[in-house]
Amino acid sequence: MIRVQAEDFDPGAELAGFAAGNHKVGGICMFLGLVRDFLGAVPDGAPPVTAMTLEHYPGMTEKQLAAIEAQARARWPLEEVLIIHRFGRLEAGDRIVLVAAASAHREAAFEACHFLIDWLKTKAPFWKLEHAEGGDLWVEAKESDDLAAERWAKKT
Amino acid sequence: MIRVQAEDFDPGAELAGFAAGNHKVGGICMFLGLVRDFLGAVPDGAPPVTAMTLEHYPGMTEKQLAAIEAQARARWPLEEVLIIHRFGRLEAGDRIVLVAAASAHREAAFEACHFLIDWLKTKAPFWKLEHAEGGDLWVEAKESDDLAAERWAKKT
Amino acid sequence: MKILYFAWLKAKTGTAEEEVSPPAAIATIADLVEWLKGRSPGHADALSDLRLIRVAVNQDHVGLDHPVGPNDEVAFFPPVTGGGR
Amino acid sequence: MKILYFAWLKAKTGTAEEEVSPPAAIATIADLVEWLKGRSPGHADALSDLRLIRVAVNQDHVGLDHPVGPNDEVAFFPPVTGGGR
């Protein structure tokens, strides 16, 4: 299941309801991504970042996330998949993204969950704009995210 | 934190409380292991398994889990670690184990969580006794679990 | 043809969305980029370094040699930065 | 010396825990296993195939060449099978 929303979500309630009652499930792997404290993420002398805004491409986001879910289901024997991604203004400690995969086997649950977040980070059309006192700055994509996603491409 | 208990636990509440308010955390990875439906796990003609009992070695269990947590903290920059493992009688759909790792970075959270469950499965003194109509049978260790644990040893 | 701009491309072009009718000779994304650069100095600036830009046609990621036609939705944006850290 | 047996070793030896006083010549786990096999046919059966058995001394995993002394807690058990699937 895919959800793209501005509203916050309750990770405890999501986990409690995820794959509930499906006795074919032996393992659930879940990843929760949060807005980390911006202190320390700013170069020396730059004004501290106070918040960020996540822009996205409505329609394409859902299409790409659905494609990523389909890829994961094609590669691993999954019982359930959940992706929730927020957009809009977020502050330190806020939840951004939740991905979860349930499978009969733990290895499949781990790998699928890891794949989902890695691919999401390079395929889903979201962009982070950081707000600081001196002005706003678009966050640049990290090479490490490309490498993380490529790792899965090589395995096919 | 390590908890070894006969009682069930609430994964939603555990996730909701895990690393709550720690704004250094950018990613949380959690694994929940459940008692899978025993149907299909039984060889042809064998009586169906109805439940299992997890025996453990009180004292050594806590010591080994604490050592595994310490190993994970030494290898990855972790903000929080949680391991909950149940013992006693369990039926299909019951929760067995929960491991979680919180870090500034998602890769560390994923790897540490994966390491924790892989090592737990080969180091923590738990043994599964499956109950079937025809009698009880101790579950044998899987070579795949040894290989999963060795994968982490090679990385050091 | 519908053109969308996201993140800093939206700021530089001054446009989130525009409807354009390029000539028939504009057959690929690469052709389209060159043509769009003539629309304004902001467009020229936004599209000046193709290494910084990603493209989607009809909401799928594509390369610069991908064909484009009158009924396509074409989006330009920087490499994506969603998810957590 | 305190000896503990878990899982099927407990069933085969008929014992969960026993206090023993092996002679001073018993210096390693391998020595101890041979000596314990003399305690009963059940012990001999339980400890007959060392490939099936794991050992802990004072709650740490050890090998067969690990030293043992009078104040040690020694546990015998099959390879562990905790966690989920």
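The chains carry the letters A, B, C and D, assigned in the order they are written, with residues numbered from 1 in each.
FYI, contacts are C-beta pairs under 8 Å (C-beta built on N, C-alpha and C of every residue); 3 or more make two chains touch, one makes a residue touch a chain.
All of these numbers come straight from a predicted model, not from anything done at the bench.
Of all the other chains, whose mean CA position lies farthest from subunit B?
Farthest from subunit B by mean C-alpha position: C.
Of the pairs B-C and A-C, which shows more C-beta pairs in contact?
Top pair by contacting C-beta pairs is A-C.
Mind checking the centre-to-centre distance between subunit A and subunit D? Centres are C-alpha means, answer in whole Å.
48
What whole-number Å value describes the gap between the mean CA coordinates of subunit A and subunit B?
Once rounded, the distance between the two centres reads 24 Å.
Among the residues of subunit C, which are close enough to touch at least two other chains?
Within subunit C, the residues that touch at least two other chains are 83-85.
If I count partner chains per residue in subunit B, which residues reach a count of at least 2?
Each of 26-27, 31-36, 104, 106, 117 in subunit B touches at least two other chains.
Indicate which of the five shapes (line, ring, star, complete, other) describes how the chains touch one another.
Basically it's none of the tidy shapes, so other.
Which pairs of chains touch one another in this structure?
All touching pairs, sorted by chain label, are A-B, A-C, A-D, B-C, B-D.
Over in the complex, which subunit D residues touch subunit B? Could you list them?
That would be residues 4, 6-8, 56, 59-61, 75, 77-85 of subunit D.
For subunit B, which residues count as touching subunit D in their complex?
Listed in rising order, the residues are 31-36, 54-57, 59-60, 63-64, 85, 96-97, 117, 120-129, 138-142, 145.
Residues of subunit C touching subunit B in their complex?
Subunit C reaches subunit B through residues 83-85.
Once bound in the complex, which stretches of subunit B touch subunit A?
10-16, 21, 23-37, 92-93, 104, 106-107, 109-110, 113-114, 117, 144, 148
Once bound in the complex, which stretches of subunit B touch subunit C?
Touch residues, subunit B against subunit C: 26-27, 104-106.
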